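Here come two complexes built around chain A, the first alongside chain B, the second alongside chain C.
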Partner chain A sequence: MYVAVKGGEKAVKNSQRLVAKKRRGDISVQKISMDQIANQLGLGVDRVMAEGSLYDVTAAAMAIQQAQGDMTEAVFLVRAFRTTLKRFGNSIPVQTTKMTAIRRVSGIFKDIPGGQILGPTYDYTHRLIEPDPDHAPDPPCDRHTDTAPPDKTAACDDISPLPEELPRVIDILQAQGLLQQDETTPPGDAAEDLTRQPLAFPVSRNLRLQALARGDEGFVLGTAYSLQRGFGLDRHPFLGELKVGYVAVRYTPPELGFDIHIGRIKLTECVMVNRQDDAVRKAAGFETGYGLVFGQNERKAMSMSLLDRSLAARKNTGKTDYPAQDPEFILSHCDSVESSGFVQHLKLPHYVDFQSELVFIRNRRKDHTPDKGNP
Partner chain B sequence: MPLSYNFAYLDEQSKKMIRRSILKAIAIPGFQVPFGGREMPLPYGWGTGGIQLTAAIIGPDDRLKVIDQGSDDTVNAISIKAFFKKTAGIAITEETKEATIIQTRHRIPETPLQKGQIMVFQVPIPEPLQFIEPKKSQTVKMHGFEEYGSMHVKLYEDIAKFGRIATAFDYPVQVHQRYIMSPSPIPKYDNPKLHRSPAVHLFGAGREKRIYAVPPYTDVVSLDFEDYPFELEKWDGACAVCGSTDSFLDEIITDDTGTRVFICSDTEYCKKNTGNPAP
Partner chain C sequence: MLADADVADLKAGYAPFAEKISYTWLVKPETGMLMIQGRADSTGAPFCLGEMTVTRCMVQVIDDIQGYAMVQGSDHEHARLAALLDALLQMPDFHAKLAATLMAVLKSREQQREQAMAKEISDTTVEFFTLKRGE
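So, the complex of A and B:
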């Protein structure tokens, strides 16, 4: 009779054995190496690093393999690893104007100081599945063989000679006094950390941006899209600048007292520009939304900057007619590890609660008083 | 990648932070204390809040019991025990009396708890007002001003519609005549066990990042009305295994025609009744 509730331990062990087998697949097929994932599935690695909030190519590649390519599961693995790492300090804020850009586009000015750089993008490819997309001979950059550490993927980016410093496109608008001042975010040590403190409302801009940066790409994209369809925006937004490239990370160890270069990270930065003409409160002009994501992920950075703007708007206008204007709705539901866990916990046993419901329903049926209003 | 983890997984700083939140929660019974919930290697919804509480309070001498749906052997209980065996190497027990810490999902053991024991509840939705007012910014104020009218209206509407209060589990309670609290999704059958219990009851919500507590010997009263008093689930039969008539019974379908028998949800209690104590 106990068959129904016994045997949990054995079942779990068997299930873990089965998943290991499934993950390996047909053993006559060669196993994928971490290097292959880091190099040839680089955008996937970028996404896992961004949502995992950990810039670690090796950890992300290992997680993707361990999760059989399930990105949300891979993000979860990276998060569970990240949470055990010690937070030893804050870096100096990275200077994105000094980014070594591999791609930079603007939708608002044809010619921008520093120039537009198309760089690697699928934007203008024809999406035709080809038998072998790399049928052409391998591009010249194949220096990194299997001995090179995976983050050497950077070596593959063709970096044409670019100005040392790319001025920000919105600085043009700023100089003309056409931009509303953004909320200032405390730099460095004063910055809050979403992974060390719970989200509370009203939420500061730096926590809002952190939540969006690690938020689920699909959720962030979908809700940003809803803005564009009129569920929160009443006019077309513009892409001020979208930039992908590498920035140097500098850190001041307390025992040294001066800052040192500790590495390079790949980032996607986006600034969206919206017209603002709430004449009652301030002069007509433009306001911006900001997005910054680990790796190359333009879809995410653009969506993030649209949401950054619309979530800030609540403070300015006090209106939240649509979900994508409501910080609590967006920020409480954008995390894939949280949402995936809670939706899927329904697979856990709920015998006891369901039993309580059954008892309630049965007792109710026994009641002789006919339902009011119900036939 | 480093492959060693601290005792009970979490680093000591995180444990301290959680312990400070627990102390605050005990000082303000039933109040939800926001805390910097950490990401755990188990999914949200699987008991990350409870696991963090246990990880923060457990020591090498503790004896841990983990139950899910009242049973020591359901898959999730097994998995959480395996986690603490692996990361803390502590002793696991199925004996309610032997345990110093009991982590639970959805039940309180039938065997009465004793002074010195700690119950750790896994909580999915810590906010009892969540389905009345989904916005945290609002519910915080409602608790602050003890503005609980809408909860009573909801219970009243149940009576008007169904002739009785329709909440069967996660039945709201008022703690120490002040805060309205979710007892977690235990059946309302278990609510009276919280009232003036000699044990410490800690509640952890990992995803929502809230900790709250019921200290020992604290009043925990299930909400009701004078003319519609709080009532417990009742079964017509007894447990088919041990014959108990004083425990929460699960229904087991035994064949394709839908024949049902009832057995104790608390497996340890049931084994004891049959004179077959847990190992």
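So, the complex of A and C:
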């Protein structure tokens, strides 16, 4: 039961003033700019865009600054911002097969066509905090090429351009007849949208992918980990392919009637591969799970693929033994805005609710006092 | 190309025509969102991935030529310039001039960007080997 509480207006205002002061910190230290956040905290910005479900670097950088680096709070701010914007329409589905990949690795085939491209990764770093980062020299060529005069193109003519399309690892498995497709929905053009309709179970795969793509990284990672530890997977999953890169966004404005290029966005795509024995299916083979996330966010994309697979498994076997196999458990609880809202609302006044608990307990105790009613 | 361009380049490219061109708004710049769709398993059924902030506008210039723009982000000036240039590019006279100036600049910028990225990325290509014990 919710009961309105009055009072505290002045204290609330003062508290807001205080949080603004704390956010600014020591005024002798320079303020951080949105450009600095967007450039130097890029992975944080990517995470906020993914979970905020809005690809907007500026908005995400502003949210991170305003939330003092609290990512979940920043996600909340971005979600709130997106509700103020009108939706113009749906893009044409992005073609990740045509992604300009800056990173692409496979854990199952070492000689994948197109090569293993490490790109920017922390995977092979020592993970030691570098002393005195304030005075560390800038890496060479740190200036963005945009600022170079346009006539200096001759310098790197010998570099072969990035391939427009990398062959997919999943196709290699498919060509050998090793893949089992279970949820084949015809490739249409319109998808259901969970921001326009409530999540109802059983849930289709496209809603499941949407919910996971905007789900909280910690929750998605933790539940995917539970699968790996044996709470839902009885064998080792494999990374079929992980790709980070840029794709073009295209849209057909009704005013024009033909599709136009709107911009390029960075995405992380992942395909996980699991072995499936012939006890369950007709023939032994592999099953896959899919992950696609805004920005560079590999942990999240990999976890998403594991969960996509495990949540589909229920359809095949009809069994749900573990939380990470239960669509309702995962999809209803993976949203950080919903979960933090519900947990954190407990900080608000519950004086009347609690009063009723006290009354209840006192009455019960009165009833059970030995010398009362039991002469 | 206009959508991907830097606003500064567009401004410089449009500047020589700015005084000659009068235009009226058909749709004033407005910021909204586009739902980005992906495909399950990259080629399967579409699903909603998340939205993207975009700004669109539509202008009408001389001779009833209409220019349309939708650009990433919330920069109204970017959308305005892109729409105006879109209109100019539909007129043969302006098209020839712009092709030699602005479009050439944008093209070379894009090439540079691609080459710089290709260089950075190709340096990180790796080959993994599996070893037998004793080899």
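Here is the rule we use: the second predicted complex is superposed on the first by the 320 of 375 C-alpha atoms of A that agree within 3 Å, B and C clash if a C-alpha of one lies under 4 Å from a C-alpha of the other, contacts with A are read in each partner's own complex, and residues count from 1 in each chain.
By definition in this document, a contact is a pair of C-beta atoms (placed from the backbone, for glycine too) under 8 Å apart; a residue touches a chain by one contact, two chains touch by 3 or more.
All values derive from a computational prediction rather than experimental measurement.
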Let me test your reading of the model: by the given contact rule, A:41 touches which partner, first (chain B), second (chain C), both or neither? neither
Per the contact definition in the header, classify A:353: touching chain B only (first), chain C only (second), both, or neither. first
Under the stated touch criterion, name the partner, chain B or chain C, that contacts more residues in chain A. C
Tell me the contact category for A:86 with respect to chain B and chain C: first, second, both or neither. both
Scan A:200 for contacts with chain B and chain C and give back first, second, both or neither. first
State whether A:210 touches chain B only (first), chain C only (second), both chains, or neither. second
Which of the two partners, first being chain B and second being chain C, lies in contact with A:337: first, second, both, or neither? first
Touching A:115 in the superposition: chain B (first), chain C (second), both, neither? second
Identify the partner contact of A:58: answer first if only chain B is touched, second if only chain C is, both if each is, neither if none is. both
Under the contact rule defined above, give the chain A residues that sit at the interface with chain B and also at the interface with chain C. 58-59, 82, 86, 195
In the complex, chain A residues that touch chain B: 1-2, 4-9, 11-12, 58-59, 62, 76, 79-84, 86, 195-202, 328, 332, 337-338, 340-345, 348-353, 355-360, 363-364, 367, 369, 372
Please name which positions on chain A make contact with chain C in the complex. 49-50, 53-59, 82, 85-94, 96-97, 100-103, 110-111, 115-120, 145-146, 148, 150-153, 156-157, 159-162, 168, 170, 183-195, 205-207, 209-210, 213-214, 249, 251, 253, 255-256, 260-265, 267, 269, 271, 288, 290, 292, 294
Under the touch definition given earlier, write down the residues of chain C that touch chain A in their complex. 1, 3-4, 6, 27, 30-54, 56, 58, 68, 70-74, 105, 108-109, 111-122, 124-130
Which residues of chain B touch chain A once you look at their complex with the stated criterion? 1, 5-6, 9-11, 34-41, 43-46, 48, 68-71, 73-79, 82, 105-107, 124, 135-137, 161-164, 166, 168-170, 185-189, 207, 209-210, 233-235, 240-241, 248-252, 254, 261, 263, 265, 267
